[in-house]
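In what follows, chain A forms one complex with chain B and a second complex with chain C.
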Partner chain A sequence: MIGKTAQRQGRLFLAPTVILLLCFTIFPLLFTIALMFGEARFVGGGLRIEFVGGRNWVRLFGDERFWNALGVTVRIVAMAVSLEYLLGLGLALLLDRKLRGQAVFRVLFIVPMLLTPIAVGYMWRMIFDVGRGPITGILERLGLAPVGWLTESSVAIYSIVITDIWQWTPFMFLILYAALQAIPKDYIEAARVDGASGWQVFRRITLPLLAPASIAAVLLRTIECFKIVDTIYIMTGGGPGRSTESMTLFGYAIGFRAFDLDYGATISFSLFLAVLVSSMVFVTLTRRLREVRME
Partner chain B sequence: MYTLLLLWAVVVVAPLFWLITTSVKDKNDVFLGPKFFPGVDFTPTAQWWIRIFTVERATVLYPYLNSLIVATTSAIFATVLGALAAYALTRVRFKFGPMRNEDILFWIVSQRIMPPIIVVFAIFVMYRVTRLLDTHIGLILVYVVFNLPLAVWIMSNFLSQIPRSVEEAAWVDGASLTTTLFRVVVPMILPSLMSTFLLCFVFAWNEFLFALILSYSRTQTVPLLIAAQHFQRGPQWWDISVLSTLAVLPPIAITVGLQKYFVKGLIPIGK
Partner chain C sequence: MRWKLVVGCFLAVLGTAWGVAQTGRFAGVTITVFTQPPPYIAKPVMMFAPDWERITGAKVRLITAPWGELYPKMYSSFALGQGLFDIVIMPAAWLPDFAEAGFLVPLDDLIAKDPAIEWNDIIPVYRERIVSWGGKVYAVPMDGDSHIFYYRKDALENPEYQARFKAKYGYDLPVPPRTWKQVRDIAEFFHGWDWDGDGVMNYGVVEPRRYAGQADWCFFSRAVGYVALPGQPGGLFFDPVTMKPRINSPGHIKALEDYVEIMKFGVPGMINMDSGEVRSVFASGVAAMAIDWGDIGVISEVGKESKVKGKVGYAVLPGSMEVWNFAQNQWVTLKEPNQAGYLAFGGWVAAIDRNSKNIAAAYDFISYLSRPANSYISVTTSETGFNPYRKSHFETLAGWIGFGFGRDAAAAYLKAINDTIGHPNVQPDLRIPGAAKYFEALDAQLALVVAGQKTPKAALDEVARIWEQITEEYGRAAQLKAYRLSLGLPSP
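This part shows the complex of A and B:
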């Protein structure tokens, strides 16, 4: 058993982390909530907030730009996360066997997720460039018409999604691959011996055993993807028009470009609510789905 | 099957290949339509790399130094504080009101969910009042906090897997938590401390939004430099390709070094 001194020391070990998190996340969150119901002005060296009630929220719900940014963000999340999951799962299944060059593939498949997003965004901006980019060059050689990847408002969002898929499929791959490696191989062999087909094994054994990892991976990626801003900032700046303006970019533009702190805070808080609500819906849905399966 | 694996490998490598080759293209090779293979359809040149390290050294060197200072310092603090907290959480029984150990751990880790754009308003005002805007300390503090949930989570995974018999024997003899931590545990977890440090380093090295809002010219970091060059120079692809290549080299090196640990270290996620 642990002694009294050690018990007391434990608090000291934990204290810095808890205090830092309180100062830099809980206090700021409360501050943001205060900002939403006020009008903020810098006076001398300080900040004055006057209480104005729900004005910022009324403004938010009547703001077309907000609905646009929310729609753009949700569309990016839906497209990117689902494709990343399917691709990541496919790659993990392909690589989960004895293969020559497995280690090389594994590193290659992980690399993009740790690269500086700003550099990745710039890289893809060059690649999607109509005049000098490689895609246009290849399309022309094949006799196809060039596509305005970043300059046509109906197409630009897909370019952002492609970039996100390139960078974040590795995350799905990594988690699903690790989970696959942890599945005891005799389950699958036993089913094989009993004459199950490859598809049956996948459908009845592998997929259910991967469910917890799948749920965790999709949930984490969804939460992260809602915050998307770096690549968009570099690739399109939210354009053409506002066709790729995400919630974070919108909040930044209002709060720190237009310096409308209180309205910017309202926008950001609505993003927080969106993240919270969609993760809760996702958790409830997957839980119910699994309960139905069990019965 | 190999075809599919190779196909995705090409998808991963081709954009990076384009980035790196663009950094050794002459102006005309960039402007006059796409050129693909060095030595085949264009002659590589090292002029932009040389220029970055000579004429342009002043503009480029400082952001890289800033990033290095901020990322290294913040990663050290995040790792050490994270390991201390994780050690306490896996060894000592806590009770703060209704919160037990698992609740505290969950609370810490869940702080990652909060989008940075929400907290940055308050931090901006806090820093303006305390004059921490555009300082190294300001950025370091934010990055420590931003990486702490990850560090605590990874370290508590490792620490809960270590057998406890030696530590327990030492506690019976009246040893303190500090003694067991430094004499018994730290030597066993040095590799995982290193991996945690490197991951925190990469995330701080890559971070953009906090830096964009909390620092101006003095503490400009690498992502800010790339974004600024992009808007100032527009189509000068060669220079920005050199800068971007330099930016992604440390993360690539770290991924290659850590690849085995990645697969092992992440298994607990699926449980």
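This part shows the complex of A and C:
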């Protein structure tokens, strides 16, 4: 039995956390929800939110720009995260072997992840510059026509994906490399004694044992990648046209350039829902896959 | 001799007494100034605050926020009556939103009692239109903003090139060009070859075309010559009688077609350039012409990396011989090009929160910043972001020469700005509640047009549709009244 004094003390200790949580998470969330179902106007010396029901959601679902932004975001997430996983896994497997200069490679591989996305955006913007960038110079020396990496609608999204892969593959590498190091060597040695080939060891032992780390890594990157904004903002500003306008950039434009707070809040919340649904689908699918394998 | 000594002593005592009185005028008061982070715009506050603090005994606290957070933070502070900032230094376009809502202190009486501000030295368009709302003054100009036209003199004035141009186009190469048609031909002529002989490829023009990169102002700089017929107010944005958008008029469509076509003669990658990049690209010497605020002039003449110092010509924006007449609903042909200037953005202005507890001190600091001598230093110092807006800024070249301009360059630069803002048909920027929403809708469609994803007509029709929605949202009658006020027209 916990005494009343102890209960009171417990509440007292919890209070700061609860207050912080309320201030920085719950209240902003409630305010965002209020904005989504209202029309926010600064009138007569105060912020007035008039209830308008689902008007902002109707507008959202009928907004061509929203569907474009959602499509762009999903394409970036799908391409970037899957390639980051494959490359990260490849690098992790490479460094899991005994290599000369392994420690140096390990440090080098994680450097891009340590840079701020803004700096990375500027760097790749210079690299991809169609007029003065080094890639254009190389292509010209090879007698090839320059490519509008950031200036052609059909190409720009791949430039964004390349940049994201460059920066965030190290994240995948780091998690997968740590997980590889944790796999007991006995399993692999036993399999080899039983005559398993390298591919069989990888497919039947390494990969299943990496599954928990893989799921965590992919999930975390998916959530982060859905929110991609800084590199795009610097590299293309969402253009050409709307070919690289992500959900976050769209929300930023509406909320902070047009100062349309209620619609901006609706876009932000729709991004939250998109991330939530994607994550749930991913977790459910991977769980099913594991269950099927177990059976 | 004795009387001189007596007068001298008297003046000394008087001066000391005045000085002592001044020292304590606002002792113990702290005023808060809110604007964007330094250097641009905040720098003059940092430059002059120590002197003002010494004179008045007050303290200045500078609070800054990134561009995207300025408006919401100002608005929420005003609207919620928090009084977080005594002074806000903001874009002139936001003044109608704040003044209409009653958030700002009217400054007429304070200005009338303040000879030091030399109010009449401020160019009329700024002191009468940009900072006033509903017949009252709500802010003091800190910066004079207008788009001007830049060209490379060493290219356009080269006799050999002029002869070749005439042979190709059948008319003399006009220096400076006076119509957008001429600009197009000149851009084509100087595109894709090394006309300055430095071993680097040169191009016709450089202008921003990036979404959220201030390209929308460049569009209006082109449109103004096609739609701002002298004597017909409101050509650029709305019908001042019905508040119906004019953005999809044949004049605007023609301007947008030009805006897209000139990209063929632009620096590679121009579609992804914002104003900041355009400035450094022009100063790097690769482009023959550009449109910008006063910044290209400063960067070109003063910038350490500039390769075009002394080679830049300055002019008012080109225009058009054919202008869309909204009254007759048809094109009219003029005898001279219609080169109406455009006060793009309108400049930064300083205003006082009506909830401020230090209105007198706040006004005194604003006045101190804007006084002729101090503002002259601001507009002739790098990285302040302030361009000339007082008559006196144009009268003395010494400061500009000290800044790094050559004498001729300074004279030409100031003349282009002065001619623009003093033009009888100069067009102010959109100054009504929701201006940011209207501009965002336009900017988003311009991005689609330059990417080839929409035609100019389809895009501007869409803009007109969205503008109608925004007008309805804010209330047509209220917006019409505000729009007419912004144009200096009587209420409907």
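Throughout what follows, the second predicted complex is superposed on the first by the 273 of 295 C-alpha atoms of A that agree within 3 Å, B and C clash if a C-alpha of one lies under 4 Å from a C-alpha of the other, contacts with A are read in each partner's own complex, and residues count from 1 in each chain.
In this text, contacts are C-beta pairs under 8 Å (C-beta built on N, C-alpha and C of every residue); 3 or more make two chains touch, one makes a residue touch a chain.
Just so you know, these numbers come straight off a predicted model, no measurement behind them.
Using the contact criterion defined above for the overlaid structures, shared-chain residue A:Ile127 touches chain B, although it does not reach chain C.
In the superposition on chain A, A:Arg242 makes contact with chain C only, not with chain B.
In the superposition on chain A, A:Leu47 contacts both chain B and chain C. In the overlay built on the shared chain, the residue A:Thr286 is in contact with neither chain B nor chain C.
Set side by side, chain B and chain C differ in how many residues of chain A they touch, and the one touching more is B. Using the contact criterion defined above for the overlaid structures, shared-chain residue A:Tyr252 touches chain B and also reaches chain C.
Touch criterion not met for A:Ser278: it reaches neither chain B nor chain C. In the superposition on chain A, A:Thr151 makes contact with chain C only, not with chain B. In the superposition on chain A, contact is made by A:Arg65 with chain C only, not with chain B. Overlap of the chain B and chain C contact sets on chain A: residues 42, 45-47, 131, 252, 256, 261.
If you check the complex, the residues on chain A that touch chain C are 42-47, 65, 129-131, 146, 148, 150-151, 153, 236-243, 252-254, 256-261. Of all residues in chain C, only 68-69, 71-72, 75-76, 78-81, 97, 101-103, 210-213, 267-269, 271-272, 274, 436-437, 440-441, 443-444, 447-448, 450-454 touch chain A in the complex they form. Partner chain A is touched in their complex by these residues of chain B: 1, 4-5, 8-9, 11-13, 15-16, 18-19, 22, 30-31, 33-34, 36, 81-82, 84-85, 87-89, 91-94, 104, 108, 111-126, 128-129, 141-142, 144-145, 148-149, 152, 168, 171-172, 174-178, 180, 202, 205-206, 208-209, 212-213, 222-223, 226-227, 230, 235, 237, 240-241, 243-245, 247-248, 251-252, 254-256, 259, 262-264, 266-267, 269-271. The part of chain A that touches chain B in the complex is made up of residues 1-3, 5-7, 9-11, 13-14, 16-18, 20-21, 23-25, 27-29, 31-32, 35, 42, 45-47, 87, 90-91, 94-95, 99, 103, 105-112, 114-120, 122-124, 126-127, 131-134, 136-138, 166, 174-175, 177-179, 181-182, 210, 212-213, 216-217, 223, 226-227, 229-230, 233-234, 247-248, 251-252, 255-256, 261, 264-265, 268-269, 271-272, 275-276, 279.
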